[in-house]
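Here chain A shows up in two complexes: once beside chain B, once beside chain C.
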Partner chain A sequence: MATVTLRGIRKNFKETEVLRGIDLAIADGEFVSLVGPSGCGKSTLLRIIAGLESASGGSIEIGGAPVDRLRAADRNLSMVFQSYALYPHLTVAENIAVPLRMRQLNTAQRLPLIGRAVPGARERGREIDARVLEAAKTLEIDQLLDRKPGQLSGGQRQRVALGRALVRAPAAFLLDEPLSNLDAKLRVHTRTEIAELHRRLAATFIYVTHDQVEAMTMSSRIAVMMSGEILQCDAPTRIYEDPNDLRVAEFIGSPRINVLPAESDSSGRISVLGKGLPLALHEGRQTLQLALRPEALSLTHHTPLLQGRVVHAENLGHEVFVQISLDGAEQRVVLRTDPAMQAQLHLGAKVGLTFDPNRALIFDAKGQRQRNLLRALQEIPA
Partner chain B sequence: MSVADLPSSAAMRRATADPDRRQASAGWLMSAPALALMLTILIAPVLLALMLSFTDYSLGNPSFNWVGWDNYERIFTRSTYTKMLSATFTYVITVVPLSVGLGLGAALLIQSLTRGAAIYKAVYFLPVMATLLAMTIVWQLMLHPSIGVINRGLEGLCAMPFTRGLLSLSFLGLSPEATWFGRVCTEGAPLWLGDRDYAIWVVCFIGIWQGFGFNMVLYLAGLTGVSRELYAAAEMDGARSYWERFRLVTWPALGPTTVFVVTITCIRAFQAFDTVEALFSPGGGPGKSVYVMMFAIYEKGVTQNLMGIGAAITVLFLIFVMILTLIQHWITERKVHYT
Partner chain C sequence: MTRFSPSLIIRHFILMIGAAVVLAPFVVMLSYSLKSPAEIERGTGGLFGAQEMMVDPKCALRNAPRRGDIETARTRFPDRDDSTIQTLLTEEANAACEVRPVVFNYRSAFQDAPLLRYLLNGVIVTASIFLLQVLIALPAAYALSKLKFWGREAVFGLVLFCLLIPVHAIALPLYLGLAKIGLTNTYAALVVPWIVSAFGIFLMRQFFMTVPDDLVDAARMDGMTEFAIVWRVMLPTAVPALLAFAIFSVVAHWNDYFWPRIVVTGDRSLFTPPLGLREFQAGADGNLYGPMMATATVIVIPLIVAFMLAQRRFIEGITLSGMK
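Here is the complex of A and B:
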């Protein structure tokens, strides 16, 4: 188990800049997710950490030692691939044993048939068998050891791929979208299992996903990547509640965060769609963006801050997402509410909305978060 | 409408009572033309050959006699046919592994190239595209004992003391008779096509030279199907050398291709004919050392008009090919993994 430190990692594919200086320090035993839309460079970054791809610039340290000159096989990392990458001609047991056989047996001992006769091969072989069985039991695939990958379901293959990664104790585990080929139900189940596995092994995990739910549910920290940069790397709750960048706020959270055009006047006071809010910035007049999570909005009959009509409602059973077209604005906002409220929320119903100004996230025109807000009315200079 | 046009009540009852059977007979009726074609142009000739192999028929004769197993007995007892079997198997056992191995090697090398792969592919495929008969005549010229490029070249190397010393290993203190090149220099270059020690190997060489490009193309196609991620997985699992990755990923993934390539090459090797016909007709080479099966069939059945013995060799040939196909089937079922 070890720390992984990235400093200024850059990667160019010919003219295209895929990674633009990635800095990331991952602590020992931490579970860090690299999350972002497809094409943001997260998989490339993982492959660079693994050593399967070379960086155009920057350096990587694993356990404090630089590994830039080491090839992938010598970096002591395990990787789970999106396609699982199991060897189709080997049984489950043989697949899981490959990393051990490659590292613990010499070339002569690995030879087919005669390898077993080489001195020392038998004892090592028995050790390897025991380790394979142990890993298989951990993942509850010990019944499948004699099968070939072709005879397994997607979920079982995924477990075998995990087993092959955890059969030895590497410095860190790298997982490249390991759940994306599973069906929704199995994905939720495996998510829990991977998180528990991480807790049990207390190992360093680097997990690449485009699914923000996976990142939110499993990680100690999430690194949100977009166009080759890490926009923010924080604990899941911080990422969700306190994003630094509008792109982070928009990427994390489902349904998407509501973004409304806002502005501040010469005294710094913020208003949204013409309604003044008890919030102010020190700076003077500027265009702003105000972001609200669907759960920050609530229905009201008295002095609503926003008004609109219901255009669509999605009942998920335990909650309802209502899309409301705002008066005086082009976009819709999404409100999360209780299914009990649905009777009032028939299509076309006129509703009033309000929100706690403290839960509003203010971004400038470029999408940078504005944190130095004056909250209470009395603080605002006249 | 007359009464005769109406289906009889019994037939109608039968038809309605058993729709499955009616459908089955309709099926047979519709596939009858295809079945008839298959029987007449695919199966009948083989059965005819099988029948002829038990006779002494000659083309143009009004009748023939049944001779039982005589033709087969001759194949397994007469020295000519023993030589035929020996030449055929020497050819197959030499040409198949080498042209498959070279094809695979060339494909792997070409695949590892970043530039110029197309040129290599074209060059290695040239002998496959050129007709073997035409190329054999070129080889005949090159292998000519006195005016051929090969023997001229060997003489040239013998004439230069440096290359003579190097190639005959006489710098190691070996006598000129100890090495092949030393003997060439002292006793003269070999009569490639006239010497029974060389003739079959020359034919094997031309067979490999001509065939491996074809195998290379098949292997190149097979290599495109190998998952890139498997190589990455092998690297992560600690497969450091090229050989380890080849054994763990490439070779198993090429299993289906290899079975196909080996079977095709075997069948082509059994069918070797053009080279022998061009270089050694009539007779089949010095001491019948290059008397391969296809050539024997042609010589007996066509040139000498001994249809019976020609047919018997044909049947034997078919049996060998059938055995090969069965082995291929067996290996495919058990050892090859299609993902």
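Here is the complex of A and C:
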């Protein structure tokens, strides 16, 4: 188990800049997710950490020691691939044993047939068998040890791939979208298992995913990446509630966060769609964007801040997402509410919306978060 | 119940004509290998020959009565003159040399030419060629498909270019080179020119392109060196493609007449099976088609048996389906 430190990692593919200076310090035993839309460079970053790809600039330290010049095999990392990448000609047991055999047996001992006669091979072989069985039991695949990968289901293959990674104790586990080939139900189940595995092993995990739910549910910290940069790296709750950048706010959270055009007048007072809010900025007049999570909005009959008509409702059983087209604005907002409210939310119903100004997230025109707000300004005339 | 529509019948009819054209020479070969020379000459005896006893001409020649034989036989045949005794003795000798045509043909094939030796040579040469080709083609194909290096496309272009060079065009320089270093009339002369197979490199490279990169990366993470990846990961996944290549390589070199004919000039112990056919070429006593066709049958049998045994995998390999 070890720390992983990235300093100014850059990567160019010919003219294209894929990574533009990534700095990230991962503590021992931490579960860090690299999350972002496809093409943001997260997989490339993971491959650079693994040593499968070379960085164009920057340095990597694992456990405090620089590894930039080490081959992938010598970095003592385990990796789980999206396609599982099991050896099709080996049984499950042999697949899991490969990392141990390659590291603990010498060339002579690995030879087919003759290898067993080489001194020391038998004892090592028994050790390896025991470790393989242990790993298989942890993942509940000890029934499948004699099968070939071709005879396994997707979920079972995924477990074998995990088994191959955790059969030895590496400095860190690298997981590249390991759940994306599983069906939805299995994905939720395996998510829990991986999180529990992380707790039990107390090992460093670096997990790449494009699925923000996976990132939110498993990680100690999430690094949100976009166009080759880490926009924000924080605990899941901070990423959700207190994003630094509008792109982070929009990427994390489902349904997407509502973004409304806003502006501040010369005194700094913020208004949205012409309605003044009890919020102000120090700076003068500027265009702003106001973002509200669907649960920050609520229905009201008195003095609504926003008004609109219901255009669509999705009932998920335990909650309802209502799409409301706002008067005087082109876009829709999404409101999360209780199914009990659905009676008054029939299609076309006129509704009034309000929100707690303290839960509104204010971004400038470029999408940077504006934090130095003056709140609860009762003295500002309405 | 299967319906036979006219189009189906026509299709099968055309296919059967094609099959007949391809199979006819083999039928003739097999049929001649069973018949006596007289039957072959006269075109009688049907497919299998009448299998009537015939006189082995060589045996008869060997046992023909000589002067001394007639002298000693006088006691057995009193009151006969010499010419009658000679006729009687010749008849006796011929009777001792009577064989079935099929036995005659196949015995000649193995006795008059050291056919077993030729078959062994064929095995040694084709097996060495194939093994060395694999030893070179696999790492080369791996490098061309999975490693990134400067000039990779150019190197692959050269491989394709080599595919276009006909063997016969470079036969003379190859022969001169081998002669200069004194390798003619050795196994090396039969094997060495073929161990770098552009076709093998090309075929394996195309197959390796379909092997997911993740598998190679997983092997690297598991601690394998690049050579270990070639032999422990790529080789086992490439078995169907290797089989396809094996067919092309083994068939081509087992049946090759041209190259062995050039580099093996005198030493009969180095003859490959096709060279063995020359033993029955037109001599003073005309062509011995029966033994010649028997030799040909013996030569093609190993390939046919190998094909029968691994038919399914061969077809899999050639069509390169069934793999991802």
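Rule of thumb we're sticking to: the second predicted complex is superposed on the first by the 377 of 382 C-alpha atoms of A that agree within 3 Å, B and C clash if a C-alpha of one lies under 4 Å from a C-alpha of the other, contacts with A are read in each partner's own complex, and residues count from 1 in each chain.
The rule we apply is simple: a contact is a pair of C-beta atoms (placed from the backbone, for glycine too) under 8 Å apart; a residue touches a chain by one contact, two chains touch by 3 or more.
Here the structure is a predicted model, which means the values were calculated and not measured.
With chain A as the common reference, chain B cannot sit beside chain C without a clash. Once the two complexes are laid over each other on the shared chain, residue contacts for A:85 go to chain B and to chain C alike.
In the superposed pair of complexes, A:72 makes contact with chain B and with chain C alike. After overlaying the two complexes on the shared chain, residue contacts for A:148 are found with chain B alone; chain C is out of touch.
When the shared chain is aligned, no partner comes close enough to touch A:13: not chain B, not chain C. Taken together, the two complexes place residues 47, 50-52, 71-73, 77-79, 81-83, 85-89, 98-99, 102-103, 164 of chain A in contact with chain B and also with chain C.
Residue ranges on chain B touching chain A, taken from their complex, read 227, 229-230, 232-240, 244, 248-249, 252-253, 255, 337-339. Listing the residues of chain A that touch chain C in their complex gives 47, 50-52, 71-73, 77-79, 81-90, 98-99, 102-103, 164.
Listing the residues of chain C that touch chain A in their complex gives 212, 214-215, 217-225, 228, 233, 236-237, 239. Residues of chain A touching chain B in their complex: 47, 50-52, 71-74, 77-79, 81-83, 85-89, 98-99, 102-103, 148-150, 164.
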